[in-house]
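Right after this note come the structures.
Okay, so subunit A shows up in both of these, paired with subunit B first and subunit C after.
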Partner chain A sequence: MDGLAWRQFKAILRKDIVMELRTREMVTSMGLYAILTMVVYQVALSEAGASLDVRLVMPGLIWVAFIFMSLLGLNRSFVHEKDQGCIEALLLAPIDRPVIFFSKFTGNLLFLLVVEVLSLPVFSFLFLQEQQGIANPVWMVGLVLLGASIGISGVGTLLATISVNTSGRDIMLAVLFVPLMYPLLRAAVGATFAAVIGGPASAALFWGWMAWVAAFDVIMLLVAFALYEFVIGA
Partner chain B sequence: MEGAGRDTALEVRDLSRAFGVRKALDGVSLEVPSGAFLSIFGPNGAGKTTLVKVLTTLLNPTSGAASVCGLDVVAEAVALRHRIGLISHNPLLYPDLTAEENLLFFADLYGVQDAEERARELLEAVELDHRRLDLTRTFSRGMLQRLSIARALLHRPDVLFLDEPYSGLDPHAMDILDHLIAQIRGEHTFVMISHDLDKGLQLCSHALILASGRVVLYEERDALDEAAFKETYRATVGMGVA
Partner chain C sequence: MKRRPIAEVMLALGGLITTAAFFMAFLWAPATVYPDGRINFSQKIFYFHVPVAEASFLVFFFTAFYGVRFLMTKDRRYDVMARVATEVTLFFVLLTMATGILWTRVEWGVWWQWEPRLTTYFIMTLLVIGYFVLRNSVEDDEKRATYAAAFGILAFIDAPISFFITRWVESIHPVVLAGGESSGLEPPMLITFIIAQVGMLMLGYAFYQMRLREEELHERLEALKISIGG
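Then we have the complex of A and B:
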């Protein structure tokens, strides 16, 4: 990345952060969704009784919430660019399209991680009070969060760019995003399960699933990088 | 693109752009010298905005070629974007940034060296320095358009494209825009889309009428018979869209 590209990257990222701090549209909508989902989970599991070890279903519950929560945020991430034709102003600038992708991706990743990190203690408070807690070190859960969020933001940024110009952009993003997320979702749930439940084989299981997460991230970021010029200009 | 002289700001050769089966531009050719003021007229759907979008690298042509400042609009798009500015009827500004933040943001995108000084200078020129710290969502249409002019001039472009810049402006804002154009007229080549025949003819050195994606008339202002030109324009308005 040359000097101008780095300056452009920082400018778009800074602009997105400043606008999010002013409007709080993405973080608020994602955060509210996460909390409401947990309340629904609590009601859904209320008849299960004390015999249910919530840790067995916790990885799935968390990642389902995070995947749908991210849809809300990603939908908002390009709405600012559509307002008053700002996307046109971005495209008029002497900027390589992948720079736009990486700056929007970094902003989305940042906002997603903020909400995830704030949501997890709420989840623990609601579900894990009387349980054993996380068997392996917490950093393992943190690593899954980071790895999976990179994939979610990468694919989501690409798809949000495609869907922003369509008439039913909310449903369009969901229809494209959820099927593409399936391999990442499966790997993230597997890695989180290994981190939470522990046991003798958990380290090997954890790293095996993390390899899937990393592979997904690399492949999807390369695909997004290659397609972005075409997608944003379409 | 071969054939463009050093003093040619725009050269368009047999340019076409189709959307599906509909041709928005159909074999457009023209040459505009540096420093000229080209006014483009035509009915809705004539291809005016499509032509400007191709010349500003926002759309690729389906066939033919075009160059601005000697740079091909497809092959040398990134280099060309340093040399052009666009003032649209949309302000192309972020409503949740202040006037100054908007200008500094675009200064970063264009790599403007003296960004803060340049932003201050332009805010004064468009008489918005007293509102520089206000969010642009609080601005009136005229103020947004003035700030949009500052945005387009930030990087000192050689060619300035204006897509119906007077649309929705109050008389005071129109006066300011007139004054700004008069101030910078010698330093830039202008390409303006206008539905206001009198305003367009008053400003231009070259006039172009497009209809159904084709050039109906292209002449220098000095050689123009105004009555005949207006008659041709009125006739094209009834020609329908491409």
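Then we have the complex of A and C:
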């Protein structure tokens, strides 16, 4: 990337970060959403009894929370651009469209990761105190978070750009996003499970699922990147 | 406006061939047997279920293909072609689902099983439905066409995943034509299957062409209405 594109990238990213620091809208709403989801989980698991090993369902639960939380954040990230006419200004400025994609993608990824990293300790505080801890090193969970969030933000940035221009906005993003995310989610849950439960075969299982995550990221990011120019210009 | 008699020919031929394959499946192709010697009658649905499933994957490819063509040219015709291809895909997808569910009820004892092939195919069904939900919620013609093309291309990525998943991971869904020792069909079964498949593809092509012509007529009608000041 040459110097100009890099400066443009930084400028758009800085704009998003400054706006987020001033309003704290995305991180607050996503974080609150995550906590509310945990309250709902408590209700959902309340009859399961003390014998339930929460670690068995935890990988699935956290990814359910993260996928719906990311829907919320992705929608927010473009509603501003659209409602305040910022997107027109971005398009009028002599900026390459891929730069817009990568800066929006990086911003979304950043906010998503922040909320994920903040909500995981809360989750383990609320649900995992009486359970055994995570069997494998914590960085493995971190790696899944990073890998899956890249895919979520990449496809999400493209789909949010589409859905913000439709009449159904929020529901439209969910309808398009959740099925497309299925392969990634499945792999993320598999990898998280392997990291949490452990056991002799867990390393091989973990890297097997991570290969799926990586493959999904590469394919989806390339396709989303290629399509973004058309979508944002439409 | 071009006349396309080939669509009618394909429809008639496809209808005849699939009907012939239906009779061949019951009268000519040998029945398979379970290990305990009972005749496996439910296997006969293979000659219908697999052709419609393969057709759904193939037609869905054209959604992505015409999506790419549209984005390259911005020619509205490709958008119509992509939409019609997706309509035909939806038709085949629903047939695949219906026949598949009947078979799993008989063979596995349940209507539905979250099994890799079924799951990824269900996801594909949702994506095809999502494609139309998206189209219905965009007002502007060019935006609608561009978004639908982009989503069609993204959605198609699930099709090869669904197709190959039974070969990649452990799955209880049968893989008949995978090669290897236990797979493969006796010649009469294979011939019946190929005939059913060819007929189904002909039908798919005919549906596509006829729907496309209907769309063109519809557009001409709209243009005429405007030209007489309607």
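Details
Just so it is clear, the second predicted complex is superposed on the first by the 233 of 234 C-alpha atoms of A that agree within 3 Å, B and C clash if a C-alpha of one lies under 4 Å from a C-alpha of the other, contacts with A are read in each partner's own complex, and residues count from 1 in each chain.
The definition used in the following text is that contacts are C-beta pairs under 8 Å (C-beta built on N, C-alpha and C of every residue); 3 or more make two chains touch, one makes a residue touch a chain.
Here the structure is a predicted model, which is why all the values come from computation and not from measurement.
Applying the stated contact rule after C-alpha superposition, one finds that A:183 touches subunit C and leaves subunit B untouched. By the touch criterion defined above, A:88 reaches subunit B but does not reach subunit C. Judged by the touch definition given at the top, the superposed model places A:230 against subunit C, while subunit B stays out of reach.
When the two structures are aligned on the shared chain, A:168 is found in touch with subunit C, with no touch to subunit B. When both complexes are overlaid on chain A, the residue A:19 reaches subunit B alone and has no touch with subunit C. By the touch criterion stated above, A:8 is placed in contact with subunit B alone, subunit C being left untouched. In the complex of the two chains, the subunit C residues touching subunit A come out as 71, 119-120, 123, 126-127, 130, 133-134, 137-139, 142-143, 146-147, 149-151, 153-155, 157-158, 161. Within the complex formed with subunit A, the subunit B residues making contact are 56-58, 60, 78-79, 81-82, 84, 86, 88, 90-97, 101, 105-106, 108-111, 135, 144, 151. Residues of subunit A that touch subunit C in their complex: 155, 158-159, 162, 165-168, 172, 175-176, 178-180, 182-183, 219-220, 223-224, 227, 230-231, 234. Touching subunit B in their complex are the following residues of subunit A: 3-4, 7-8, 10-12, 14-15, 18-19, 22-23, 80, 83-86, 88-96, 233.
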